[in-house]
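Everything on this sheet refers to the single structure shown next.
Chain naming follows the written order as A, B and C, and within any one chain the residues start at number 1.
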Amino acid sequence: MRLYLELAKKSFQNNIVYRADYFASLINAIVLIFVNIAIWKAINEEEGALGGLQLNILITYIVISFLMQTVYQMDEYFIEGKVRTGLISTDLLKPFYFRLFVFSYNVGSMVFKFIMQFIPAMLLSVFLFRLLPPFNTQMLLYFILSAILGYLVLYNINFIVWISSFWFYWTFSLVTIKDAAVMILSGALIPIWFMPTWLIDFIELTPFNAIFYTPILIYLGMMPEDEIFMSIVKQILWIIALFGIGHILWKRATKKLVVQGG
Amino acid sequence: MRNSGFLESLNVFYQYSKLSLKVMLEFKLDRSMITLAIFCREMIAVVVMLLILARFLHIRGWDMNQLFFLYSFLFISYSLFVFIFAGVRDFDQLVHSGEFDRYLIRPRGLLFQVVASKIDLPATLGHGVVGVILFMNTAFSVGITWNMQNILFYISVVVGGAVIQASIFMLTACMSFWAIRIENIRNLIFFNARRIAGYPISFYPAFIQKMLIFIVPFSFVNYFPAQFFIRKEDMNLFWDGFMYMTPVVGVVMFVVVSLFWRFGVRSYSSSGNALY
Amino acid sequence: MALIEVDDLVKEYQLNVRHKGLLGSIRSLLIPEYTKKVAVDSISFSIEKGETVGFIGPNGAGKSTTVKMLTGILTPTSGTITVGGLSPYKDRKKNASRIGVVFGQRTQLWWDLPVADTFDLLKYIYKIPDNVFRENMELFSDILGLQEFMKQPVRQLSLGQKMRADIGAALLHNPEIIFFDEPTIGLDVVAKEQIREFVRTVNRERGTTMLFTTHDMLDIEKTCKRMIIIDHGKKIYDGTVEEIKDKYGRSRVLRVEFSEYIADVQLPGAEMIKEEGNKKWFEFQKDQTQVSRLINTLSQKYGIVDITVQEPEIEGVIREIYQGGIDLNETLSGVS
């Protein structure tokens, strides 16, 4: 366990090295939030359909969603890099679980982004966009739990895509197509409740809404308490299912590596 | 003499392109997948816009066709830009890897080599196809008469828009002569401006409008040219002359950025990639 | 005037200071600090047309910075460089068409395409006339053996083949001066020898001036007549390779194989340094002890199967210089 904590700490420190990057991605998130709010304000102004309260909720939705996206950003080409350079074979011989190693690496940079980006941007947003606080303390706790589970859902989806690098030389295409699916179907860019019913029904069958949509709804207090339990169970089930798929693929991938001798 | 020099350079450019295409053919499947991926990535914003408009029908008097027409400029001019200036886009890697040193010991212009040495067909097609789809679905339903004058103006603003984007990219590329990694700074400047420009700039607060006109002039890539064709009410917020200025802005920016580039090269020669 | 004139050359860099630890890295994030590093410290030399010169020095000594200034990649902080009457950084393009550079660790070949494609492209980049291109291609096919892999994608070539192709690529436009930066790094003995042979041939037949930076002393011994040693940014030796071996490689090793095992061999004037079965190695100073006397002493006392005298390798000499075992300033006069 200590080892993985060390790895996470290393990755945390790695993130600090790139000064320019740090400030840029912070501003990046703010600009994106700003643009989206301007558009929703424009819609609200003409339609009036959103109503005063609705606009506030929408703004909060957008802010939380973009901040979560920044924090949930992972190193999509870490495993690909290891496979292509062949370092994977030596890493597999080292006395640690490779998958935990990759996980700690990503968690380290997640913690960095949380402390150095999420918190300042969140505080700034309270002033800039009059962000709504969590519905109540209980919802805040549920939100934190659900957000962590959302991270794990995304991580396990990503892991499946990363593992494909054992079969494909480059994973850029798959990663990018996966990203497009996540962006649209997770409600990261537009609340799912605005989508056509047929699309909502489809999304219900996928793990995508368990990433951002579930935690944000909880934060906003838009999910009835009895549904929260079910949603969290659903998140957990998705994590188990996706982990299972990842596990099977991982076993095959390492077997393939052994057969081909790296 | 000058002319033959130009033709000779053009031939070298052609020789470079031949090799780039050969590499592309070597990896047909992979490059097609990348093209598809870029297409999907670029469609995200389009789909989001589609979902919003399916629900709300119009935003501040702009309907779906008009918004997509406005958007199509971004993709078509980006496609043209990346077709020619892919080397400028990836310039930071060139400096980072030390490969730029090689360009310094060749008897050719540096910018020429950077531009000539890379062609990115997947990006060109990925963006281009989105642009063409949007254009074909809207160009004939937003009330434009496509006479000779309009066609020529359209071409000049697409080229101008491509040059504007090339200049912005070159500006950020120059940063890699000094800074360590510029990926995020560039995203900040370029892709954020592009994202903002996806919707009419009149939707935004005045300082963002000013920024997109005077600092990162993306408004000349799509908003003002689109206004020339479909003249919406919100154009009253701005000076009419802006509608015709895209090519001028392109030329001026390119000249200014070229000077900055020279300055950057000089600075690189004094520090080398010891910075890295 | 010499082909290359370097006078009082200085190069300083600004380096970013990074602190260790978590707090340290946050500190570097917020308050960047810089230090100055003098990479090249008033170096002067001149090189005549047709010379072969090796630049050597430990890592970070300033040799590759010097070469970068000679090729026009870097501008000097102060001092002057002229290459064939031109300033490499002011007349970058003109200078570039007269020089060729081989980076041992970085190829200029297109990775996914056959070697021939890169050569074709270079023909246009350097405006090489058809006849020159043809002649060179024939010559390189001959002595570099390029024709056997000309049609293969570069990524499939061996290191040695890649290096041969890279050298060909750098020589295609008949440069007057060629810079080799670690040309034999990572190659096997045969490939190394092949490349050295080619370099010697080109130097002999075309009178091309050649400069090497390398860690492999054999490269220097076998291809260079002159050697410039740089350490801590300063030139500490400039002279022939022979001279340095002669003057500073004073110790010799005598390798003797006895007919039977002898526990204790008495040999005045020499010291036993190694022992292996019936073989023994003795070190002696050539200006204090004569070889013939040692051999006489041995053959009178013991039965001997084989005996050889080993010359010092330049590598050992250089190592000793770096470690301060030999002080060049004191012992060498007439170094300008």
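The rule is short, and it goes like this: a contact is a pair of C-beta atoms (placed from the backbone, for glycine too) under 8 Å apart; a residue touches a chain by one contact, two chains touch by 3 or more.
Worth saying up front: this structure is predicted, and the values here are computed from it rather than measured.
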Once you count every C-beta pair in contact for both, which comes out on top, A-B or B-C? A-B
Reference chain A; chain at largest CA-centroid distance: C
Taking mean C-alpha coords per chain and comparing to the overall C-alpha mean, nearest is chain B
Approximate Å spacing (C-alpha centroids) for the pair chain A, chain C: 52
Between chain A and chain B, the Cα-mean centres are separated in Å by 29
Counting in whole Å, what is the centre-to-centre distance of chain B and chain C, each centre being its mean C-alpha position? 46
Multi-chain contacts in chain A, i.e. residues touching at least two other chains, fall at 19
Per the touch rule above, chain A residues touching chain B in the complex are 18-21, 24-25, 27-28, 31-32, 34-35, 38-39, 41-43, 45-47, 49, 169-170, 172-177, 179-180, 183-184, 189-190, 194-196, 199
Contacts from chain B onto chain C in the complex sit at residues 8, 11-12, 15-16, 19, 22-23, 26-27, 98-99, 101-102, 104-109, 266, 269-272, 274-275
In the complex, chain C residues that touch chain B: 13-16, 39, 65, 68, 71-75, 77, 89, 92-94, 96-97, 99, 101, 103, 106, 108, 110, 112-113, 117-118, 120-121, 124-127, 153
What residues on chain B touch chain A, complex-wise? 30, 33-34, 36-38, 40-41, 43-44, 47-48, 51-52, 54-56, 58-61, 179-185, 187-188, 192, 195-196, 199, 203-205, 208
